[in-house]
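What follows is a set of structures to go through.
In the two complexes below, chain A is the common chain; its partner is chain B in one and chain C in the other.
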Partner chain A sequence: MKMLDSIRDKNIISKCIILIISIIAALLIGAVFLMVLGVNPVESYYYLLIRPFQSLRSIGELSIKLTPILLIGIGVSFTFQAKLTNLGGEGQICMGAIGMTLVGISPLAEALGPWWILPGMLTAALFGALWAGIAGFFKTRFKASEIITTLLLNYIAVQFLSYCVYYPLRDHKGNIPQSAKVASTLPKLIEGSRMNAGVILAVIGVIIYWIIIRKTKFGYNLRVLGGSIKASVYGGISKKKYYLIAMLISGAFAGIAGSIEIAGTQTRLVEGLAGTYGFDGVVASLMGMQHPVGVLLSSILLAGLSVGAETMQVKTGVSSLFLNVLEALIVLFILLGFSFFNGKGGKNE
Partner chain B sequence: MAEKKTLLELKGITKSFGSFKANDNIDLNVFNGEIHALLGENGAGKSTLMNILFGIYKADKGKIYISGKEVKIQSPKDALSYGIGMVHQHFMLVEKFSALENIYLLGDEKPLTFTHRKKIETRLNALKEKYGIEVDLNSPVEQLSIGMQQKIEILKLLYTGAEVLILDEPTAILIPQECDILFEIISNLAKEGKGIIFISHKLDEVLSISNRITVLSKGKVTGRIATKDADKNAIIKMMVGEEISIPEIKKTSNNNTNQIPILRADEVEAKDERGIQTLNGVSLSIYPSEIVGIASVEGNGQEELAEVMAGVRKAAKGNMFINNKQVSTRAAKDFIDNGIEYVPADRNYVGSVPDFPLYENWILRNRKPSKKRMLLDYITIKQQTGKAMEDYDVRARGAEERTANLSGGNLQKFIMARALSKNPKALICSYPTRGLDIKATWFIREKVLEAKSSGVGILLISGDFEELFALSDRIVVMYRGKIVGEVLPEDSSVREVGSMMMGVNSHEDA
Partner chain C sequence: MSEILTLSFLIPLFTAGVRMSAPLIFGAAGNIMNERSGVMNIGLEGEMLISALTSFMVAERTGSLLIGVLSGGITGMLCALLIAFWSVSRKQDQSVVGIMFNIFALGFTNFLYRAVYGISTSKAKVSILREVHIPLLSKIPILGDILFRQNILVYLAFILSILIWLLLTHTKFGWQVQAVGENPKAAAAAGVSVIGIRYISYLFSGFMAGIGGSFLSCGIVGTFTENMTSGRGFICLAITILARWNPIYAIFASLLFGTTEALQLRLQALGASLPYQFFVALPFIVTLAALVIFGRNIRAPKSLGAIYTKESR
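== the complex of A and B ==
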């Protein structure tokens, strides 16, 4: 009892312990699966967890996956702070990518040279924000659940992106449905890897998030909304306004993630460029408990896992889908751990 | 009355929750025909003790004897079979069922046929007659008043043959007239030889109806006294462990005619959370340096009135004026900027965000917290919080303490400190002392009085008549969302206000 009490007092530390135990537990259960498959779990985990960090090339790959996960994770964290859920990262990336491409293949981009990326990103942020804003508008105006609307908007955005690459934005030089190359790309950071300047932007995003949430009245108001809606009414904080702004910010972050995909990684608009980043971002935010460092670390973990899963598939023959099992187990254990500890939290009079 | 025999005896009851001793070696006995008051503040261990007796908790140590025989009570069912019954603060009734059906539910295994129903009804009527309990047996419980439902609970226990009846704060939810009826029933029960344990923290009623008093404080018995020898101050000392000086309260004679009201509601109507209109056109002015008390049974629109006047609820109709200037009821910011402060009834979720550290709650309902350049200046904010906590004796580990960890009294002091730190023009207090111990209660009341004497106009909603009469300069009575009368506390009585609250004898048409 005493020990549990002392853990509960140190809120953040106890949560971190839960997280680490959850990850270890998930890995242990995963190991059982691997053994059933007849694979050496130690070897598999080496490829999954350690290998991605061992070479510059694979760290570069990791950074490419990290950037969108982190940006979405931060964006989603804004909404989670106000107890809103934005599951529309995927669609917002798509819209951001479309916005970026529109600028990137326009005559304006040719004229601006590498500086086209700035207006491009602004456009992408705007596109993403507007897409999330639709859900925000429905939420504040008609009380429509943002969980449903953001999710449904994903399908529309993904299909719209397909339409764009097949028809209006299609590059007719080739047979593949894709747009023309954008004018220029983000600068590479390390020779011999694909790491680009986007990852720096993502880290700056984390810092901005930290300042806004912890140090401004705006962030404070968001957190009051998340902490108790009744208290926000008492404090004269407009629920509608802050819900909408949180959604817009969240969408803007996703839009920028989309723009970096275009200007950094893909260099042109292609189908499926959003991948699973939308949901990985949500997982990163939940796992990191919306704490800036937490979101950063869990994004690195998720990005590392997805790079490692590919290596593991090649080296040991275990399907990279194994990763889904592992991630699901991690989330499951985290939820279990938190509900276990929260249920016992009492008042100390 | 028959000869005095011990119905029930508790010996050395001890119960701990973790490291907290809720009950520490408590002895208690109840004779037949006796009303035994169990007095103590919130958290003194009264409810824990009774829950042990009723088989809801299991004691760590101690023995229970019934008519001299040791018994083990493992569940409420056991307790009932030994003749111990309890009326909880929250009634255990199926709302859609009638009184008769609720009572049938308690133990009968026979199907409720027409003839069986008649049999139960006959028995119940006999009991009603014997103890003077007037209830409607056949209407669904939800249509009956709280007082009525409580009587059904008592009847239910009598039907099961309870010899010892535990009443857990039975008067907390009743208006004075209903209290009188309850007390009559209780004394009838005692006359018929039942033993009654009457739990309360209200001294006056305990002194007026009980035979013996046992005082609990911090889990221990701190006093045992026959009521006829009891003295109010001595009992308070037993309850609190120290003397409490109750300040003399000066009333403000009302010379409001020439003044501008700080806050004025004009024909205000509003809906509650469920969208049902509960406020039906109320006009009320609050002037500087006065306390306006609102008396009404809960759910008669007083909460909505407080919220509209504090700017946190939109009025469906009608206008609000601050210093005779109209403000929109849509925007709390106008109220906040004009110095209208609010101490809400729900301190845990409205008055504060439970997960925040105290210093973050310090800037709730504050539109201009300390800033350095664009950012919140938490260093200054923490200093302000710390100072307020010292001034208002808020006991916590510091400004960083999580708000949910504070006890009700400390949190209320904190919220009061926050409201008064902004030098408000008007202060709206909704049940400011509900659930607080005597010390904290008087601390809050003194702060309200201090604010009044410094010129603040105060709206005080309270369910505690003693408080309303002691503090208010005038009392406004509400019934069904309307004001049905206004009295001066020195010219009125609890009884008069009580009947007005029920919608009878009002000065105006209800």
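== the complex of A and C ==
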């Protein structure tokens, strides 16, 4: 992440200009792809870009997609700060969701009423943190690349979740492999939409991130390790400890994202609930350059596009995963833009 | 479960294991050369996925598997060119570029496949590559069945890995690749073009990944399914580490994973008492375990992943 950090302290306006140009360039290339395959790009982009922001209902949909993208975006930003790459958001959401469900269908939840959500979220955060912690431990103890281990752990967690809904947590009342409903759900915020209180928690997450990174010794040291701060005194910071803690925090955020999926949106454990949120979060963090406001705005944009992509798929038949193409192009163009903006590209080794 | 230990179970198992290992050998052997030159390619998974689709599409349209596989290789190379431009020329973080490329590839293949073939249930198909029986060798009992009745790409995978090993260890070009991976500044001072070598390595590894991807669609399944690489590119990255950046070791590591994959499919089909999810996750559990057990404290090319900037005079 050296590269992104070297930019951080430069002019914010030029950053925004590069970001906007990158988004436009990605959309233009996307339009060419659509046209080559005989799809009307204007119509597709109307559903993708404009529709999601037009009705209260779709703003509600945006908010329930925003929650996991933002939480994971913040989580991976912690690791990016330390120059670690946590690509395990998908797996960590799954583990968090499993933790949440375990509490939510237990007698404890019956007894606690709506308050079950608190111990539920703690369990989810713990599950997510431990899952990311495996990669952190392998990194610090065995020097195993966290990039590869977090990716591998995703595949394992997805299968573990599938196993849970097929066997131990299965609700035998129906034919669909899914768990029973959890005791109660997060309160709805706006009548007539699915927006729930989870999105507030996600925004609080952004504030926590801002405080930890900018205002605490821990955050300062993390940035020293990541190379975004030139510190004269480097010694005294235990690299391993910080790597491990950054991974744990990151996993906890993803775990909480999983818990909100359960208590806010799905109401029960189902397969595929992690969707593409894991990598959307990584994209949000990169687009926002790990800046709290940047990550927030990027997450809003990506959440809106995700809602739009689903409408586009229904209306025009273009795969909703077309959004991945745009996401990747945006980030690649941002990198390209900065490499020219900085003149020399990245720093020397 | 006693049927597992019979020859009629074991021979097809290992035959399939060798076949399944071929795409891994292509991906890993190419990636080893790439990493030996000091650059990482996390985008391997995406290269394989896009190539699996293009090779299938070309084979389906032209009716020629050969042209299909070849265009798969070329697709992989073009993908690698893109990644190399961002990583080598524009000096961006290699892992970030790779991740973005994978995200791109997943969306692009999904979009392209649906746009061309629709989402109808009757899938377009091509006939898969035929087995080529090696004269005499294929007559050897057991071993002949397992090793010498495979399709042409399987043989090619083995031959190419050995050639890459020879290239890296016994030729001037190979020494240059290694020098660039170990100490690019010194290599540049000795007159080696660091950027040139890294581009060649990327392109070559992209070609190999492309053939590996083509193998999945044209060599095993005969069609394209969404996200059909399902993590094989990542397993290739792990094999690179396990094989200690040696293409010969990569053959053995790939055989281990290929056989695990063949085994999990067969155990599932046998209706083993364990849930099927365990078997699907098995190759990834094995990879993770292998990384931790065998992968520790081994020496990667010294400048792997570091950004190289040409010294100005």
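Some notes on this structure:
The rule we apply is simple: the second predicted complex is superposed on the first by the 319 of 349 C-alpha atoms of A that agree within 3 Å, B and C clash if a C-alpha of one lies under 4 Å from a C-alpha of the other, contacts with A are read in each partner's own complex, and residues count from 1 in each chain.
The definition used in the following text is that a contact is a pair of C-beta atoms (placed from the backbone, for glycine too) under 8 Å apart; a residue touches a chain by one contact, two chains touch by 3 or more.
Not measured: the values here are computed from a predicted model.
Touch criterion met: A:V283 reaches chain C, while chain B stays clear of it. When the two complexes are overlaid on their common chain A, residue A:T149 makes contact with chain C while staying clear of chain B.
With both structures placed on the common chain, the touch criterion links A:Y167 to chain C but leaves chain B unconnected.
When the shared chain is aligned, no partner comes close enough to touch A:G192: not chain B, not chain C.
Measured by the number of chain A residues touched, the leading partner among chain B and chain C is C. Residue contacts after overlaying the shared chain place A:L321 against chain C, while chain B stays out of touching range. Once the two complexes are overlaid on the shared chain, A:F138 sits against chain C while remaining clear of chain B. Shared interface residues of chain A, touching chain B in one complex and chain C in the other, are 1, 346-349.
Across the complex, chain A meets chain B through its residues 1, 5, 11, 211, 215-217, 220, 223-224, 227-228, 230-231, 233-236, 346-349. Only residues 42, 86, 90-93, 95-97, 99-101, 103-104, 106-108, 110-112, 114-116, 230-231, 234, 237-238, 241, 275, 277-278, 280-281, 284-285, 287-288, 291-292, 295-297, 303, 306-309 of chain C touch chain A when the two sit together in their complex. Residues 18-20, 43, 311-313, 331-333, 335-336, 342, 344, 346, 349-356, 360, 363-367, 369, 371, 374-376, 378, 402, 404-405, 407 of chain B are the ones that touch chain A when the two sit in their complex.
Considering their complex, residues 1-4, 33, 37-39, 85, 87, 138, 142-145, 147-149, 151-153, 155-156, 159-160, 162-163, 166-167, 279, 282-283, 286, 317-319, 321-329, 331-332, 335-336, 339, 344-349 of chain A touch chain C.
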